[in-house]
């Protein structure tokens, strides 16, 4: 029997608010332990939560971008369980009444578009961090993260391969970044993904037993963990076994999933409405206001870049993977309309520098205006394309204007006919054999002459002009 | 409603209470009696009645996204039964969440 | 007359006129505490005497230069020990928090401190405010100043006893199902539970969040209004605190009668189980109110008989979750007997909580657990709606309601300790106002033949504290009950 995987995804996205969901502590990552806490997020006796309006707004923003219905009357519930990084002994979440429902996201997998249904997205607070150490009888708890706002985005089981999952996750991350909702950093845990996966015989409409996967903190691990789990479950079924409903952790070290340790008592979270919070009513006006501020989303922008600028799909998808990058590209094209050339520079030189220096596109010292200026220098023959490429790292490092640097370093191309002719004649004189070959009809030596002339000029000669003049001079010599 | 010993144990486990055998039996009897008394709620007709989860004093009470001063680390840990290197310290967790 | 016998208003007037200094006030109260506290045991913690004396002297010095006083300035107020006081331990009457020192003040404590009021001590209570007798305190019971063999009521028994025994001029209590009104009635003092949302809960250690309210326990109705003026108001740190205007509540006393007011007498509150002496006292009070110009009218609150069941399901469910934070990780007790985390949790909570708290956590956990949520918790929520609707209907035809506070006067220590259900039934007349979130005040209306105080309850429309304050004050002035003092002997 052949089996096919049925995969659904739960994604926890940390919302980019300045402060926590229910208190004014900052959400900054990587600070000293327990330095971002207050009575509310420490769960001190008597402290009470008050919801951060911005977090609700970001949830609405995401919901609209994912074509969800936005719930008008929102209530919060307590999810009760004990864990050291959960200071109140309950997590404030939304249970039966998520703020966003029934949406979808289209993803492109191997050139075909697939619509993934979003079941729900709801607001909840994050837990702190527990550090477990080997060979020690205690664990350590840091509550800095406790209370950070999360949006949990849950799909229907519409995905069928690790490629689809990764494509969905990337598309979702791009959208969240476009919206300024989440920085999408999987390694730092601001985007966390928990797939659930089951197998069923091909053609069957019944769902098999579901396994949940946790501890996945990069796109690579998503793919690896799902591929591993599909193979594992297939093997179990083929050997006549049955799949246990369980949660498995991805052990990246060993490259396999392992069962999460002992859950002897079935979970009973005893959800009930949190009496400390009042309902959040999302009005038509509020939704309209948020909608008015939504940016053009990556997929729409990608399609537009392809039609408007004639870019290939690959270029358009790279450029739109990040809002700042697409903004950069379009700002530059507005000043220098050769989209293809701009796109090559942005995808090549700019992204390389950004990556190498660990910077960001927004903060690029080479502004779109600088890049346009640089490309204009190439267009007008002042410098060669090669020089422009070579110059880019320095421009990025210094932030100076390209014209100024070209001027300072004397990099202008030499197009003066007199100069060029004297170099050409010198080269032809010193290479009589090659001239003879040319005269016998071997045109390929032309490249050799160009190279020699460039060398003689110290790289500054305008190669196009050199080419042109060489032909003229050689033609004259041939006649003579 | 009469509670069984197993139910009392289950509820005690959910609530993280290490009950003694005497307590278990006492709670079983007392809670059974109290719950039997509470069964009188069943005769109240609540069809179509919206449950009241709290007083509706108001709605849309928000906090603006402005950072407030946090506790210094020593204060966060001041009441902790055990701490180490700026962390709360707890006995080893033998089970995952 | 001794300073400690004065009401807040009287003491305040003398202080404002400069007839008595802050130092003299606090000295008189510390003296009184030293003479009666050993018998009454109203306090868990009495504030450090030297510190308080020094503060009082500093205040006197400032005032010599510029005599401008505030309503609570220099007034020795006691605070129930489930309201957080920065730097002063807040135990909730529990082993769990025996040494817990909060790093922040409750909003109401901030308000008192802004008045330069003297926080004289933290009063005893049933553990985490769960009880009706103050016997469920981990630090021993408080005694009823009228009869030391009897309970002071609860859970704010320490606050009520402290006011009755002149160990403070006024006190703060918290009321979840009657915890201000019932001990006030037991101790012959005034206890006001404001409308839910009227006073900030920030810093009140939660028992049942949808029911808890802080309120004053005072020597008379005037004092309750003076304190409420300071306590009331919207607090941005409490989402459930109401954004409604706060009047000057003492202005309610301009009218010294109840003319043109319709007084509802709910039949369900005068049925079986009501002690004859209590019935007589309340009926006599109704006649006085009639003489004061009120128009009595019988009304019905048909769901009164299910209020106890409703309340104890909802309150314990919320409590089971509110008390989950006491896990030995961040503060409070941690058991020494454990091998791993799970055992640490279970033993900490086993050792830290007393039997009543455990019982309620068990009950509440059960009511929320899978398979029982609908039949118990959700059902109780629906009945709560019906109870609230009963009041809405009654208030369409009357301006306020009169009922007993308790079915009997204060009972003997230990009398109901072994029978939790009987203890719960003692709250039968106070629970409904909590469930409906309406304001209610308990004031003395007589004494039993044994010499124990009897209380009467005025319940009003939401945010109409002024109406019940006016009526209660009119009744208080027309009677002499407040003149009687507990027969407690100074040692």
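The letters A, B and C name the chains in turn, as written, and every chain counts its residues from 1.
The definition used in the following text is that a residue touches a chain if its C-beta (ideal position, glycine included) is under 8 Å from a C-beta of that chain, and two chains touch if they have at least 3 such contacts.
What you see is a predicted model; the values in this text were computed from it and never measured.
**Student:** Would you mind checking which chain's C-alpha centre is most distant from the centre of chain A?
**Tutor:** Here the answer is chain C, farthest from chain A.
**Student:** Quick check on this structure: which chain has its C-alpha centroid closest to the centroid of all protein C-alpha atoms?
**Tutor:** Measuring from the global C-alpha mean, the nearest chain centre belongs to B.
**Student:** Going by the touch criterion at the top, tell me which pair is linked by more C-beta contacts: A-C or A-B.
**Tutor:** Greater number of contacting C-beta pairs: A-B.
**Student:** Can you work out the whole-Å distance between the CA centroids of chain B and chain C?
**Tutor:** Result: the chain centres lie 24 Å from each other.
**Student:** Chain A to chain C: how many Å between their CA centres?
**Tutor:** 57
**Student:** With centres defined as the mean C-alpha position, give me the chain A-chain B separation in Å.
**Tutor:** From the centre of chain A to the centre of chain B is 41 Å.
**Student:** So which bits of chain C are touching at least two other chains?
**Tutor:** 100, 103, 209-210, 236, 239-240, 320, 324, 327, 329-331, 341, 345, 365, 369
**Student:** In chain A, which residues are in touch with two or more of the other chains?
**Tutor:** 42, 50-51, 82, 84, 139, 141, 143, 268, 270, 272, 275, 278
**Student:** Return the residues of chain B touching two or more other chains; collapse runs of consecutive numbers into ranges.
**Tutor:** 10, 14, 16, 53-54, 57-58, 61, 63, 71, 82, 88, 90-95
**Student:** Across the complex, what residues on chain A touch chain C?
**Tutor:** Checking each residue of chain A against chain C gives 39, 42-51, 78, 80, 82, 84, 87-90, 139, 141, 143, 268, 270-272, 274-278.
**Student:** Going by the contact rule set out above, which residues of chain C touch chain B in the complex?
**Tutor:** That would be residues 100-101, 103, 196-197, 209-210, 236, 239-243, 303, 305-306, 308-310, 312-313, 320, 324, 327-334, 338-347, 349-350, 353, 355, 358-359, 361-363, 365-366, 369, 375-376, 378-386, 388, 420-421, 424, 437 of chain C.
**Student:** Quick one: which bits of chain B touch chain A in the complex? Just the residue numbers, please.
**Tutor:** My answer: residues 10, 13-14, 16, 53-54, 56-68, 70-73, 76-77, 82, 84-97.
**Student:** Where on chain C is chain A touching in the complex?
**Tutor:** 83-84, 90, 92, 97, 100, 102-104, 106, 201-206, 208-210, 236-240, 317-318, 320-321, 323-325, 327, 329-331, 341, 345, 365, 368-370, 373, 377
**Student:** Across the complex, what residues on chain B touch chain C?
**Tutor:** Of all residues in chain B, those touching chain C are 3, 7-8, 10-12, 14-19, 23, 27, 30-31, 33-35, 37-38, 40-42, 44, 46, 49-55, 57-58, 61, 63, 71, 75, 78-82, 88, 90-95.
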